[in-house]
Each structure stands twice: as structure tokens, then as C-alpha cells.
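Next, two complexes with chain A in common: one pairs it with chain B, the other with chain C.
On to the complex of A and B.
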């Protein structure tokens, strides 16, 4: 288990992607899964930074806890912004995605991509902190 | 990230490079929306874009709407497999003409 702290600013998105890339490499995730995990973290971190902190006029941090077992790569993002459960947000559905782009609602796309991009996504609020949990199954190593 | 633009005949080519996230999407937007004003044939070269978040998709949507309002066409050049995947998952892909080379893009926009 490893813990890294990032300032809750958009400048951290680059560093956050680097961290995810490094962990995904250790977990032997393929290119597509690595990309999807980077995207998922990016989308959720962006929401926390822009809406949890900046819009609320707060400064703070994102704590990123990574844990790699032989079966799963788990990344947890913790923050001190107001409770926000991404899973409670209305997400675009098939109907929306089949609309012409001219009429398309754009909100919720980031969360949609997050949930669809990882093997498991969970949200908890504990000890006054939001915890967004991203889990990727690790490919079985050849014997 | 970096955005440059040029014209090839009557086609506007926008070349983006780097990562397009919430921090850089504004730059992408400014770099693209200016040069496409009044244009109907646009090639967006994203072959050097290694990451595109929903903030970047939002800019693609703006570009598309702008060009579409003049009955124009937008060609997407060199989108990585990963970017094509997320565009497919969000129903974006079918609205753009996808090509691998500039020549193919130019051919696709010939009237």
C-alpha cells in the first residue's frame, strides 16, 4: 500500500496520470485498460477539483492510495470536499448516445466513462472524507 | 498541449499534440475554434494526442456543431485506438469521418 498526496488543482492531473500509468504497468494491465483507468481517475479527480474544491472556494488535497495484490489493482482517491457520490448522478444512457450530436446533453459523460472504464467502481463517505475507489482485475500471470 | 492550424486548399487543418484534459481543453478550444470560423471543411489531426478526457470530447462536440451548422464536414485524423473506443462508447464516433493519413482526409473532403 502506498499513499501519495496531490494538491487539488488541475495541474495535478498530469502527475496523477503518471502515477496511474506506473501502477498499471506494475499490474501488467494492457494498453486499453491502462488508458481507461487513467481516464477514470482523471474524470473523477477533475470533478473533485473543480466542483468539490474550487467552486466551493476551498483549497485542499487529493490523497491517492494504491494497492496491488496478485489479483487486483486498487486505487482510492480521498478528499475533504463536501460529500459527493458520483453514482447518484443521472447518467446519460443509450437513448442519449443515439441522439444526433447537435441535441446531445453533455453532462455526466465523465462519470459514465469512469464507471464503464474500470472493472469496479465504488464510492464511500467515511471519516468526513469522500472515497472514490477504482478496481482493475490483474491479468493472470503465466505459470 | 499544443495546437497549430494551417490550410490546405480550402481545407482547414488543426493539429493538436499532447494530453487534452480539463486543464488543457481550453487551449484546444481556443486553438481550434478561431481557425474554423466560417469554414466547412476541417481536418482535426489528433495523431499526436495521447490522452483525451470528456473535457476534450466537449471541444470536439463544439467543433462538430460549428461546422455542421454550415453543412460542413469534420475529419478526424489519426485517433488512437483508445480514443476511438471512448468515442464509440459515447456515440461520438459515427459523426466524424475517420482517416489515418492527411491524403485520405483531403480525399474525404473533396466535393
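On to the complex of A and C.
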């Protein structure tokens, strides 16, 4: 298990994506899975930074905990912003996505991409912290 | 019968995007779109061969472009990398833009 702390500002997104790339490489995730995981983290971190902290006029950090087992790569993003469960948000569906651009709802795309990009996404609120949990199954290594 | 001719040149805005387009860089992209929107282009051509990442913030700028410039705006995305095409497809944006290998 490893813990890294990032300031909750948009400048951190770059470093956060680098961290994901590094862990995905260790977990032998393929290019597509790596990209999808990176995108998922970027989307959720963006929401936390913009809405949890900036819009609320708060400063803070994101703690990123990574854990790699034989089977799974787990990345947890913890923050001290107000409780926000991304899974409770109304997500756009096929219908919305087939509408012409000018009629589309503009929100929810990031969370949609997050949930669709990882093998498992969970949210919990514990010890006064939001915990967004991203899990990718690790490909079986040949013996 | 007299001869009439009417020529009208298409207004084309061209933007090259390279690197990673996240919610920080999307702000810069949006400012650029606002600038070209003032010219009222008919076509927006995005050269993205070296764009390696796009988040929903970047996608929202595309939607913004269409909403700001008008529904008749044709958006061309030239030579996107596979992961980017994937994201455009997942979000249904490929129906509203033209993904091309080459802009003629």
C-alpha cells in the first residue's frame, strides 16, 4: 500500500495521471485499460477539485492510496470536501447521447466515463472523508 | 439571359491540439473557441494527431463550440488516436462530429 498526497488544484491532474500510468504499468494493464483508469481518476478528481473544494471556497488535498495485489489494482481517492456520492447523480443514457449536440445535457459525462472505464467503482463516506474507489482486475500472469 | 455568378468562400477555423486535454487545459481550449466563434466560421477543423488524452472537460468544449457558433457548424476531428475515438464513441459525440484521416 502506498499513499500520495496532492494539493486539490487542477495543476495536480497531470501528476495524478502520471501516478496512474506508473501503477497501471506495474499491474500489467493493457493500453486501453490504462487509459480508461487514467480517465476515470481524472474525471473524479476534477469533480472533487472544482466542486468539492474550489466552488466551496475550500482548500485541501487529495490523498491517493494505491494497492496492487495478484488480482487487482485498487486506487482510492480520499478528500475532505462535503460528502458527494457520484453514483447518486443522474447519468445521461443512450437517448441523451444520440441527441444532437446542441440539445444534449452537458453534465454527467465524466461520471459516465468513470463508471464505464473501470472494472469496479465504489463510493463510501467514512471518518468524515469521501472515498472514491477504483478497481481494475489484473491480467493473470503466466506461470 | 444575363450571366450571374455568386461565389462565397467558406470560413474555416483550424486548431491544432497536442498533449493532454484535461479540465485545466480545456479552459485554454475554450478561450480559443470563443475567439474563433467571433469570426462565425462554417467549419471547425481540429488537428489532433498528437493529442493523447481528452477528458469530459474537453468534450464539453466541443459541445460548447456547437452551441456558441451554431448548429450548422461542421466539426472535423483529424487523425484522432484510438483512445480518443473510443471516448467520442462512448459518449455518442461521433454522431455530431466528422472523424477523418485527412482534412481536404
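The rule is short, and it goes like this: the second predicted complex is superposed on the first by the 143 of 143 C-alpha atoms of A that agree within 3 Å, B and C clash if a C-alpha of one lies under 4 Å from a C-alpha of the other, contacts with A are read in each partner's own complex, and residues count from 1 in each chain.
By our rule, a contact is a pair of C-beta atoms (placed from the backbone, for glycine too) under 8 Å apart; a residue touches a chain by one contact, two chains touch by 3 or more.
Note that this is a predicted model, so its numbers are computed, not measured.
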Three-chain arrangement built on chain A, chain B and chain C clash or fit: clash
Which of chain B and chain C A:112 touches, first, second, both or neither: both
Which of chain B and chain C A:38 touches, first, second, both or neither: both
Contacts of A:86 with chain B and chain C, given as first, second, both or neither: neither
Touching partner for A:98 - first (chain B), second (chain C), both, neither: both
Partner chain in contact with A:11 - chain B first, chain C second, else both or neither: both
Contacts of A:52 with chain B and chain C, given as first, second, both or neither: neither
Shared chain A surface residues [contacts with chain B and with chain C]: 10-11, 13-14, 17, 31-32, 35, 38-39, 42-43, 46, 49-50, 96-102, 104, 106, 109-110, 112-113, 116
Interface residues, chain A side, partner chain C - complex: 10-11, 13-14, 17, 31-32, 35, 38-39, 42-43, 46, 49-50, 94, 96-102, 104, 106, 109-110, 112-113, 116
Footprint of chain A on chain C - complex, ascending: 20, 22-24, 53, 55-57, 59-60, 62-63, 66-67, 71, 82-83, 86-87, 90-93, 95-96
Chain B-facing residues of chain A, complex: 10-11, 13-14, 17, 31-32, 35-36, 38-39, 42-43, 46, 49-50, 92, 96-102, 104, 106, 109-110, 112-113, 116-117
Residues of chain B that touch chain A when the two form their complex: 19, 21-23, 51, 53-55, 57-58, 61, 64-65, 68, 81-82, 85-86, 89-92, 95
